[in-house]
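Read the structure below first, then the notes.
We just call them A, B, C and D in the order they show up, numbering each chain from 1.
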Amino acid sequence: MSPEPTYQFAVLGTGRIGAMHAGILARHPGASVRWCYDVDPARAETVAAAHGARATTRLEEALGDPDTDAVLIASATNTHVDLILAAVAAGKPIFCEKPLDVDLARVEELGRRLEGSTVPLQVGFNRRFDPSHGGVQAAVARGEIGALELLVITSRDPGPPPPRAILEACGGLFRDTTIHDLDMARFVLGEEPTEVYATAANRVDPLFAELGDVDTAMLVLKTASGALCHINNSRRTNYGYDQRVEAFGAEGMVRSNNHRPSEVSHHSATGTNRRDLLRHFFIERYAEAYEAEIRDFLAMLREGRSPSVGYADGHRALVLAEAALLSHRENRPVRPSEISPLYPSPASPA
Amino acid sequence: MSPEPTYQFAVLGTGRIGAMHAGILARHPGASVRWCYDVDPARAETVAAAHGARATTRLEEALGDPDTDAVLIASATNTHVDLILAAVAAGKPIFCEKPLDVDLARVEELGRRLEGSTVPLQVGFNRRFDPSHGGVQAAVARGEIGALELLVITSRDPGPPPPRAILEACGGLFRDTTIHDLDMARFVLGEEPTEVYATAANRVDPLFAELGDVDTAMLVLKTASGALCHINNSRRTNYGYDQRVEAFGAEGMVRSNNHRPSEVSHHSATGTNRRDLLRHFFIERYAEAYEAEIRDFLAMLREGRSPSVGYADGHRALVLAEAALLSHRENRPVRPSEISPLYPSPASPA
Amino acid sequence: MSPEPTYQFAVLGTGRIGAMHAGILARHPGASVRWCYDVDPARAETVAAAHGARATTRLEEALGDPDTDAVLIASATNTHVDLILAAVAAGKPIFCEKPLDVDLARVEELGRRLEGSTVPLQVGFNRRFDPSHGGVQAAVARGEIGALELLVITSRDPGPPPPRAILEACGGLFRDTTIHDLDMARFVLGEEPTEVYATAANRVDPLFAELGDVDTAMLVLKTASGALCHINNSRRTNYGYDQRVEAFGAEGMVRSNNHRPSEVSHHSATGTNRRDLLRHFFIERYAEAYEAEIRDFLAMLREGRSPSVGYADGHRALVLAEAALLSHRENRPVRPSEISPLYPSPASPA
Amino acid sequence: MSPEPTYQFAVLGTGRIGAMHAGILARHPGASVRWCYDVDPARAETVAAAHGARATTRLEEALGDPDTDAVLIASATNTHVDLILAAVAAGKPIFCEKPLDVDLARVEELGRRLEGSTVPLQVGFNRRFDPSHGGVQAAVARGEIGALELLVITSRDPGPPPPRAILEACGGLFRDTTIHDLDMARFVLGEEPTEVYATAANRVDPLFAELGDVDTAMLVLKTASGALCHINNSRRTNYGYDQRVEAFGAEGMVRSNNHRPSEVSHHSATGTNRRDLLRHFFIERYAEAYEAEIRDFLAMLREGRSPSVGYADGHRALVLAEAALLSHRENRPVRPSEISPLYPSPASPA
């Protein structure tokens, strides 16, 4: 019916997020799951069976298959760099879950090794593809509010906190959670932050302090044009996943508000207009965004264009996260160029 | 400072509503309270003292005073007609609380006696002056939604029901409460209803059935142009005074939503966006409207124009209420002309 | 992975709605599309190809296949009865799009022929499965608002009107569109309407009058308990698909509000809080409901229980639609028992 | 009727704000305006005439009158300190508009001179008395959200910017506008900020830069408990006066949203739910708050208690504004104790 080609994917990493991505690929008429690779054979088998795909624990089997058109990396974060490099070596276009890595040195080493490569690499900053947040960015980009002056990003995870093992590996609040908001800030601002101020606290659970991490934070970013951006984070709400973006300028304001499972409201002697809890967490809240980023990746493959979210986006968001961490630790504003000389300065636009 | 004249009022009837009106007049720079008349001398004294006015139980004293510029009638409903006629005889412009009377024969007799009179008579259909409902009417009148096709009026009083004495005197749900909505319907429709269908039930309190009254109702009105109007009523909510108007046409929809004491919202594990109860009842909810109708009356006095809500409006709303009652009793649609030959037919526009 | 059985479906009718249903079945882990039957072979082929199914123009091929576990009927309305009877003869459980037929005599003849049959027949009143409207019904059913006293259903289709051919076959506004609202009324009321008053107008497009149809309507339904229900309909909005349900009782009010594509709001010198147009039409607006009704049908198959929406629901909604049409034509309230002696009277609960 | 005493006020300064306060006093049954003092005799006369008060340009006449029960200071900011001291000398309780002064040295000198005084001094931080913002504080204070973790204050003035003369005298954005938000922060936090980070920009009008001022700002405050507070400011919106407070904690979130003139919403082919512009500016937006702070002051007089917003509140908000200014200038977080040794440190609670 459609002349649209169908791309066959190797899904690398078939845990919770990988299984979700496999389902999205399987449902999309322009994609199919050819390989499911995981170090855990049972996990690979299960997801492969659900989509009529082949399972393997040998990476080279999936990457070496000439019918594998592209790879989707959703494995443990510390394996991303190696899998990207292997896919690049095999010449397979790559969609990689965020973050590239939580170790900036590794990410910059990856950057050096990608130089000259023509294999497309898209990074999974899914929130850019959310109809609400994306709608805010689009309105700003088309000039609806004039030049952006104030940007406020609210980003609070529903409780309880993730398990200790995940927290230990995630790189801490700034590299794991705030990084999404830092990418959103770059996306909506349309220019690079020139300075980051961050302060944080331990309010949610003693576990965070035990791990040397924080659970509650506020940031302010500045840009060369004078736009200001605030981000606030918490690791725990009791009312759902609180995700809002508000952009303000001379010509007006545009906001994305929270999503709920239904539009039911309740009115009684204890109050009016009571609504559902917010959608619980990222897989439910950003279901449309996860589908849309894959559609965008497939469109890139068809059109032969560059990825809309690439290595530089992954690298810069991590630099900003490092700047936030340093700012918090030294209690002073930090310039991204203090973190990495590769971060573009206002005078040298990327 | 202002060249605006100050009109001195005789307030006739100084119960709860009269006292409210006296306060509004006293606060307005273009009005003052000169007389407080009430059959209960203590009641008249109290309100008079609050505003530096004279109290009397003798109507002729207030009406005979050449410095009395206008009267505001807020006495018991069954005294309205006599007070109007006395004020007309004294040549004093009249602002009269709704309804003119609950007895249609008396209202039509009043109409005959007002023929040829040049004394202005404004009827207190205050909701027309509410910024929200009035905003709906204004949007419809300026053509924002195109020709009106559907009008939905929700009008539910907060519980508990009024005391028995008030219910006995009020003429029943249709003449006491629905009459406001019927006036709102005429106001927004901009044309006369040609047919009324009403059905009602006893759901709120056995008292209503004891009195031969109903407490819950739904109506549908038609007009000559084919516009349709729905009204629903209840004598009791547990979440405040529910007052909404929704107008629909080819070019869109405009609605007035409920008013609350504050804009606070609450979010917790039991729900999000919980708001205050709605403003409790008419004195709070329509505070701005009560002030605005007096401003409009004062503007009429200054400008020498006709009242914006006059005898005909009071008469027609009552005819529609009678039509609703008959429709409910006979379980059939009723034309207003069945109730009164004075009601304008589509072919004979008022 | 899942012990859930997979039911193989024959999809009968593969036009727009049938193709949508085929996609839903294909995506569900507990279902698959085995046959696509259509009188137009190209249409059957296209949908079959998309889901790895077999295409046929011979009904008996699909129904005679022992591996066909169930049928989904989404063909032209006037073929539903024959396809249902054929599926019953073949012993295949049936999910049939609404309405059963627009001809009450045919529907009642079907009813007689289904007597004694044990083949499950579920009718596609999808709105019952919408998370918002379903949430209202659930709140009412669990007693959240006390006994239901007032129910207000707003149901307006986005314009432009459907093509003439569709309008000619659809049975008119009441049988085609209002029937959904009448089913919703029965669903939320939890008891049978005992009387229907309907009035209608031609406001949208001359085409409707040409066809002897109407395009704008208001209804009031009563029940034995004294609950009152209002429905208003239009064949055209310019702001999207307006679908709301509001239930009121002594203990409060619960409402389902409209759905929009995003949660973006815009604030500027021309107004604040401007939102998207409402989701355009039924396939987008009720996407979740279409999926949920299939999940419910599959659960019924697995659990061996009766359909949650069966023949009686299809029959009664049509009787109410006929009552509305008669009420409109004769300008009087009509009892469903005047339309069909099979409609349960208050004294003989179904 | 009421045994409530009536306090006679001298209104010192009868410009726009003084005239507003005079009107509030005149309308309140427990207050009256006895004297209107202004350096401009015409201005004093006009306001006096409106309320039957005496006008004077001689301060001692108003303060020396034994029947003057209290003073309300609404003169130019740089006269506040002198007028407060004169009223203290005359033993008259004082309600003084914010700020006490924009010069911290003068405010601290005032503090020294007030030591030992028993004359009550209430400062006009009116927003504490707004039903919406006050409702947030009350919810936090009663523990509804648990311990406060994040506080977000949005405070943006409608454009165009104030005239040059006002801007020159106002002390700049932080001392003039942000000071309200800093007081709100202290009010809701329920503890003293221990550090202020501020950054600002010139985005609105070249006039601000000419005056060495800024027009756009973001702040982050920390407290000893680890609560974090963000404030964002702009001197110009095109959609009205944007005033919101959001408090977040383990047990939930409570917010105050903006106020609008009506509850009308508009739905058309260009969008749904479009609402009015926000209430334009402080006199309209905070009308209820201005009345409530006077009610509170009168209650204080009657009850013989301390003012609910006193000298210390005025002093501390100014110290925080100075800290913000220094933070902006030196691009580093600043502790209030760097600004003034009088600011209470966490270890020495006030």
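Some notes on this structure:
Operating definition for what follows: a residue touches a chain if its C-beta (ideal position, glycine included) is under 8 Å from a C-beta of that chain, and two chains touch if they have at least 3 such contacts.
Given the structure is predicted, the values throughout are model-derived calculations rather than measurements.
In this structure, the chain pairs B-C and A-C differ in their number of contacting C-beta pairs, and the larger number is found at B-C.
On a Cα centroid basis, the chain most remote from chain A in this structure is B. Spacing of chain A relative to chain C, judged by their CA centroids, is 40 angstrom.
Centre-to-centre separation of chain C and chain D, using mean CA positions: 58 Å.
If you average the Cα atoms of chain B and of chain C, the two centres end up 42 Å apart.
Within chain A, the positions touching two or more other chains are listed as 238-239, 251-253, 258, 265-269.
Taken in their complex, chain D has these residues touching chain C: 238-240, 258, 260, 265-278. Touching chain D in their complex are the following residues of chain A: 147, 149-150, 152, 154, 156, 195, 197, 199, 201-204, 216-218, 220, 222, 226-230, 232, 234, 236-239, 242, 248, 250-253, 331-333. Only residues 1, 27, 29, 46, 49-50, 131-132, 135-136, 139, 144-145, 251-259, 261-269 of chain C touch chain A when the two sit together in their complex.
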